[in-house]
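Residue numbering begins at 1 within each chain, and the chains themselves are lettered A, B, C, D, E and F in the order written.
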Amino acid sequence: MIFRVDRLQIALDKPPKPDPDGAAAVQELLGGRFGEMSTLNNYMHQSFAFREKERLAPFYDLVASITAEEFGHVELVAHTINLLLADTAFPMHPTKGPMEANKLARNSQHFIVGGPGHLVQDSLGRPWLGDYVFCSGNLVLDLLHNFFLESGARTHKHRVYQMTTNPTARTMIGYLMIRGGVHQASYAKALEEVTGVNMTKMLPLPNIKDDEIPEAKKWMEQGSHLRLYRFSPDDFRHLEAIWHGTATWADGVELEVGEGTPEGAAAKPMAESPTRFAPQYQTEEIYEIAARLMKDMPKSERKTLKRDRERAA
Amino acid sequence: MIFRVDRLQIALDKPPKPDPDGAAAVQELLGGRFGEMSTLNNYMHQSFAFREKERLAPFYDLVASITAEEFGHVELVAHTINLLLADTAFPMHPTKGPMEANKLARNSQHFIVGGPGHLVQDSLGRPWLGDYVFCSGNLVLDLLHNFFLESGARTHKHRVYQMTTNPTARTMIGYLMIRGGVHQASYAKALEEVTGVNMTKMLPLPNIKDDEIPEAKKWMEQGSHLRLYRFSPDDFRHLEAIWHGTATWADGVELEVGEGTPEGAAAKPMAESPTRFAPQYQTEEIYEIAARLMKDMPKSERKTLKRDRERAA
Amino acid sequence: MIFRVDRLQIALDKPPKPDPDGAAAVQELLGGRFGEMSTLNNYMHQSFAFREKERLAPFYDLVASITAEEFGHVELVAHTINLLLADTAFPMHPTKGPMEANKLARNSQHFIVGGPGHLVQDSLGRPWLGDYVFCSGNLVLDLLHNFFLESGARTHKHRVYQMTTNPTARTMIGYLMIRGGVHQASYAKALEEVTGVNMTKMLPLPNIKDDEIPEAKKWMEQGSHLRLYRFSPDDFRHLEAIWHGTATWADGVELEVGEGTPEGAAAKPMAESPTRFAPQYQTEEIYEIAARLMKDMPKSERKTLKRDRERAA
Amino acid sequence: MIFRVDRLQIALDKPPKPDPDGAAAVQELLGGRFGEMSTLNNYMHQSFAFREKERLAPFYDLVASITAEEFGHVELVAHTINLLLADTAFPMHPTKGPMEANKLARNSQHFIVGGPGHLVQDSLGRPWLGDYVFCSGNLVLDLLHNFFLESGARTHKHRVYQMTTNPTARTMIGYLMIRGGVHQASYAKALEEVTGVNMTKMLPLPNIKDDEIPEAKKWMEQGSHLRLYRFSPDDFRHLEAIWHGTATWADGVELEVGEGTPEGAAAKPMAESPTRFAPQYQTEEIYEIAARLMKDMPKSERKTLKRDRERAA
Amino acid sequence: MIFRVDRLQIALDKPPKPDPDGAAAVQELLGGRFGEMSTLNNYMHQSFAFREKERLAPFYDLVASITAEEFGHVELVAHTINLLLADTAFPMHPTKGPMEANKLARNSQHFIVGGPGHLVQDSLGRPWLGDYVFCSGNLVLDLLHNFFLESGARTHKHRVYQMTTNPTARTMIGYLMIRGGVHQASYAKALEEVTGVNMTKMLPLPNIKDDEIPEAKKWMEQGSHLRLYRFSPDDFRHLEAIWHGTATWADGVELEVGEGTPEGAAAKPMAESPTRFAPQYQTEEIYEIAARLMKDMPKSERKTLKRDRERAA
Amino acid sequence: MIFRVDRLQIALDKPPKPDPDGAAAVQELLGGRFGEMSTLNNYMHQSFAFREKERLAPFYDLVASITAEEFGHVELVAHTINLLLADTAFPMHPTKGPMEANKLARNSQHFIVGGPGHLVQDSLGRPWLGDYVFCSGNLVLDLLHNFFLESGARTHKHRVYQMTTNPTARTMIGYLMIRGGVHQASYAKALEEVTGVNMTKMLPLPNIKDDEIPEAKKWMEQGSHLRLYRFSPDDFRHLEAIWHGTATWADGVELEVGEGTPEGAAAKPMAESPTRFAPQYQTEEIYEIAARLMKDMPKSERKTLKRDRERAA
């Protein structure tokens, strides 16, 4: 089971101008074979199928808790795509062709199907597939797969980074380079323990130092590259069994386990697209319905809400 | 972001004997177009793409919090399949053909690819697809889709129930009938609010009373059919805006919002399959490595662990 | 545009007992690459894309009118599958497992998804694909494709025939062998005209005489193998330009063009499956609603209906 | 079975200039999950699988007759795409690169595979799938699906309309908005009858009045939005059982059932593309063959043809 | 470019009786994600895309020459499937249902599509996909992928081995365990050279000694596990740069490079299936045509043929 | 089995400037339904499944030896795509966006996944599928398929030729027009022998004379259109049984069988892309490792190498 917290792992701003072709490229990091849907679902399903999870707790806890972080990665990539697609329609009457420019965009379904919005696809508009999940039940093989998967994911992040200078996309990618690097290293360390093979010597893979990328370096300076988060109130207590010692592949500083989640940031509310209900869409009417529903909520609950708002202020 | 809790929503036992063809049928509820991967990902991605989430909080909170429950549903179905596949290999030397019986099983990849274990596929062995996610950005249309999706999911649960008398499968299906029914009703109520159309009158759809199914009735007696869980420590405070009043489609009793998650149950550890590393697999060696790693964990953490175990006891 | 006539091309009876694995095999003839969905859609889309249809009328008319017959072929195969799936559920309470036997059936989605019913899939449960349509815009190439498609389709019919002795399946296959043979020959003749290559000499392909198959021979005796139907009240007047002369590949008798459609037969109404709304499904209630709706229909129309019934009697 | 009539539902003209990227976008309305291939095949296969069609005649007749109209919708969208692709090749020698501009077009298979011509794909070039057909055998669920499908289809039409100002595309879309709206309303009314839920109150969905769109308004003025066509000489006599009363969702005027088909218009013959047989393609030779074949047709038939031409004049 | 030699890598006999379900399982080793089509195409396409192949000759030669061996592996698996499918049709008249038993077989397309024969599918009948090819252009990542691919392939071979006791299937699998093991080790050694990570310590993976499997042990006794073949008359001269030293993961004996190909064996001619042309198929007529064609071949060539036969004798 | 020769069938040069959209179009000739992956795999798998190959040697030898040539065709198309993608990244620091221009390219996976490099996809980025292989076991039907496949492949080559004036692409296409034409004619001749139908009269199909295309004409002048290569040191001795006589479809000159392979040309080494390991990629370090490995190779082998180099000089 999971608890959900309505925050992003990092703050993301709307880019200065719409970038639909950038959005199309970033889809690879969401729904491609090496995208975040793949990391989320690989670890999630491996944890569901794990055998002997008590006797193999250090390994189970690793896979199970990283699953939780990956949920937030999918969330970050999806928000990035949606921010890049913001304002792609002009607020004009449908007969004027408010989305005509998007006829040339690389992913037309962002507009026709998504409204506009992200899709569960790769950069060519092909759907994410359940077949991208590898779950063999052989511990060494699954760890080797996970190390390979993170290495491919890191490669794709570097390539998309080089294809776009969009600041929102790069902010997201820089952060995920660091976090993906932590996961890559943790699977390398797990493999080292179970096989005796010095996998961390393969890092960084691809062979690019994170501190060359300003958007990644920023997080290194806060030690994010050394920290594996537990993402659980009470469980996965054996992360330290594997995640300890020094980061020989980075700067040789001490690794650490972080309780809970990163602090994160609230997602900035996204405005309604003028194209969704156009022409003369009655969203105002729906806002009023929602406002009335909130006003009429049972009392006891309203109190909690007030407290909640104060805390957020 | 999410926190993960290492518990299942309900307890599941290993069935009296292996049931690989039952496992193949149950896959439809995991990776089919109307399976739990679809409910999880539809609500997850709709919540990631939600516009005006503050002004439309009652609707956003509904979709976002149900996402969290669906994670646990995928978990339940996956565990069920793995329990049905337990002991499908005989503990004999490979040359004897310990999995020969499985050559006739309906899903051969359960054994060749899964080891044995569940896959992210439907009952015909076809992968779950990102295209099963519908996220149009039109609130009414998305709610209508969700109501339709839950109705199809409920139909498929009833049909798989009628195809298997396996007690583990039926325990899981009975619970998900109730929980899926709550989600179906909550989308019906949301549609009622936003459109004025009396959707709850369509319930139950399909037209089967839950109390006819013993494995579902059991949860009705505990009021589970009236309760929508928040699945969040602090967020999604407006569930009550929509989920209140009486369940006219059921027994007319008062609806309620539950804080946190259901209590749930620990998953029973699954034993290693003799086929995974056979022949003469050194899992013992791996267990020893894991035991040593746990013993050598940094001190501060071991204390926490001890406390943890006491609490669990 | 089309008019629809609510009759099957031939009469089909329910087989003596359910045959779910036969139904799974017959799916190849509906949704396989060489199934009737492929013949229907190839000719339909080729006719939609046809250039210079007036100057090339003999060829256009051929492709366009065969399209219409193929609609009825899909209809026949679908009905066959549904008849083979009839009575696959026992009329018992869901808790008893009325569809338990179907857990072992080759196509589990016939039951979970179809209720039971046919699907737009091949014999392995894979969906029919738009990519099966070949429409190059090169007349010779398209005719060559169509000849090849019909040859593959005929081969698959012979193989499915040899895999089942189910009388309903064989009645349908026998008829389609004859009709598919007419289409195969008509594309061969069209190729002969346009290229001068004596394609009809390749017939029969595969090299099996239709009169060896009793279910096909029956239709030869009625001359069905010599007749190309126009399937249109006023259009496609140039079928005779290609479809004339003697059937050198068969018995050397004169070819003919039939106006309209074959006489056909009414489909026998299929009874509701007890599993669809079970348990305690209120289909009776729906029947009553339908009866009331029919009774309350505007008067002028009821008269027509009466006439209609008399004619049918 | 069907009869085919060689007319389009409405007249379509060649646009002033080629529009290959518009053609790529319009493909979504042909082969996308919510395109016309989906509406055609859903109703077609549901009608083939319908149980108790006599006792449930009002519902069967609805689904079965709308099938026939959808054939003509696929035809209209296909013709539109082909008109947008007309003249995309320059009449020059192959060595000059007569299709070089199309290297940048969004759907390269329009040219390489189609010659140029439409494909059975969506706007991203992915094939239409048999899995888009939903046919559960549960009447309420199937009607709910059909209402949802038409709502999604209508949404996509509005979005493609806003992405193109091409007059041919908009002429087609405007007409299909009206006709799709009739189908959407007819399923809403059927659901109202069978469940008592006031579904028509959800219309228009999406919330856009058709008379805001000039290309749609034109058909409202002719009452097309009130008329459900029977598309059959003798069958489907119970459409009036559901399709009667006033269009509360539109202008409150009386609904009506139209016999037969709309009058329609002849498709303008499309000229041969110079790229198809280039270089030095002998289409002239083929035209001569065709002319000879028509001249040599059996006499009795030529008479009919003459009559036919007079009637058309 | 390649030369083709009409021999199998090892001799294969027809099994004592038909084994269609075994054939279905073995398909995983041909067309599954980790099957031989994947190893062939991964190395083939990586070698086509290789950059700096002169400066990186030891690595290029490895990938390029292993490609050639994999062609022969696909050949072996295909022949195995075809041998398991031999005699699955009874030599009786079609009306008797000579393939009726196959209606229950797990892969119905083996019979309907293949005639019977192998297909380019996995064990669930899903097609091999070009997406199974990984070719990133990053040498370390591609080698890591190849090591992982061979490890997965080896795992699947062990599992299929445990699912069948069919001697033909096991003969093939035993040989491919050894040869796949050589490829796995060669990629491990290449990774060792380029990264300094002691990958061979991970072997055997999965942790099963080949000499436990009699069908594999037989080839170890001939030293096959130590030998990498060049599969080229003149090229790929740097295999020894990586493939030298002792096999620390096996028995510590010296590695060696074999010139050319293994000696191999002629494939036993497979007899015509009685179902292919049935009924009354004129294969005899085709044999006569072929005999005449061979007799009438130009003289100079017949001489060569004679010599060829003597050599083979 | 095969031997591999490290040469291309013809020389290919890098085009004057990068052409990523041309590369995307050329993918159709590699991974499309009618691309070279399809010709390679159809003939390869047909030869693996061939029955009675001794009695039907003229037909078996034809299919088996053409397989070998097709390997080289896939190689040529892949090299062409890679040459068109060369230099698509600017040698600048990643933060500058060295691949930003490629964000607009039609196939973004060429860069993100391929690095850049070709993929096993068609021109829309969809993977090649094992389902493109047709292997029915009916000799006439398989030959008819192969003739149709080559005709479609030739059509697509002509269309891609007309979409690009890139000299590298056209050099490759011109050669493959000739070689594909030889294969098309050889299947036509085989069909003539086995059925008596004068298939070669259909040539050229499409109706374009090869000598109109300068890049094809060049090879005709060398007689390439008359020559079928054996591609085997000792096998496939019966090609002459079918491939003899005069090329009535071309210029009436005598057909001939070529021993071995065409002479071919060495592939020009492709330089490392600056984007692959960027930033500050240590390829130099890898080159040094490779140089050391070559220097340290066992002596006996170094001698061979020297000889090898002399021969090449």
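Heads up, the rule we're going with is that a residue touches a chain if its C-beta (ideal position, glycine included) is under 8 Å from a C-beta of that chain, and two chains touch if they have at least 3 such contacts.
The structure displayed is predicted, hence computed values, not measured ones.
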{"item": "Distance-maximising chain from chain D - centres being C-alpha averages", "value": "E"}
{"item": "Farthest chain (mean CA position) relative to chain C", "value": "A"}
{"item": "Shared interface numbering between chain C and chain B [over half = same, under half = different]", "value": "different"}
{"item": "Repeated interface matching A-D, over half of the contact pairs identical, chosen among C-F, D-F or C-D", "value": "D-F"}
{"item": "Interchain centroid distance [CA atoms averaged], chain E/chain F, Å", "value": "22"}
{"item": "Gap in Å, rounded to a whole number, between the CA centres of chain E and chain A", "value": "40"}
{"item": "Chain A-chain C separation of Cα centroids, rounded to whole Å", "value": "49"}
{"item": "Residues of chain E touching at least two other chains", "value": "106, 113, 115, 124-126, 131, 136, 138, 206-207, 276-277"}
{"item": "Contact graph of the chains (line, ring, star, complete, other)", "value": "other"}
{"item": "All touching chain pairs, where touch follows the definition stated at the start", "value": "A-B, A-D, A-E, A-F, B-C, B-D, B-E, C-D, C-E, C-F, D-F, E-F"}
{"item": "Complex contacts: residues of chain D adjacent to chain F", "value": "89, 93-100, 102-104, 106-109, 111-113, 115, 124-126, 275-282"}
{"item": "Interfacial residue positions of chain F with respect to chain D in the complex", "value": "21-22, 24-25, 28, 32, 106, 122-126, 156, 158-165, 206-209, 212-214"}
{"item": "Residue numbers on chain A that touch chain E, as the complex places them", "value": "33, 131, 134, 136, 138, 140-141, 144-145, 147-148, 151-152, 155, 191, 195-199, 201-202, 205-207"}
{"item": "Contacting residues of chain A [partner chain B, same complex]", "value": "1-9, 31, 37, 41, 44-45, 48-59, 64-65, 67-68, 71-72, 74-75, 78-79, 82, 113-121, 127-131, 133, 135-139, 193-194, 231-238, 240-242, 244, 257, 260-262, 264, 267, 269-273, 276-277, 283, 286-287, 289-291, 293-294, 296-298, 301, 304-305, 308, 311"}
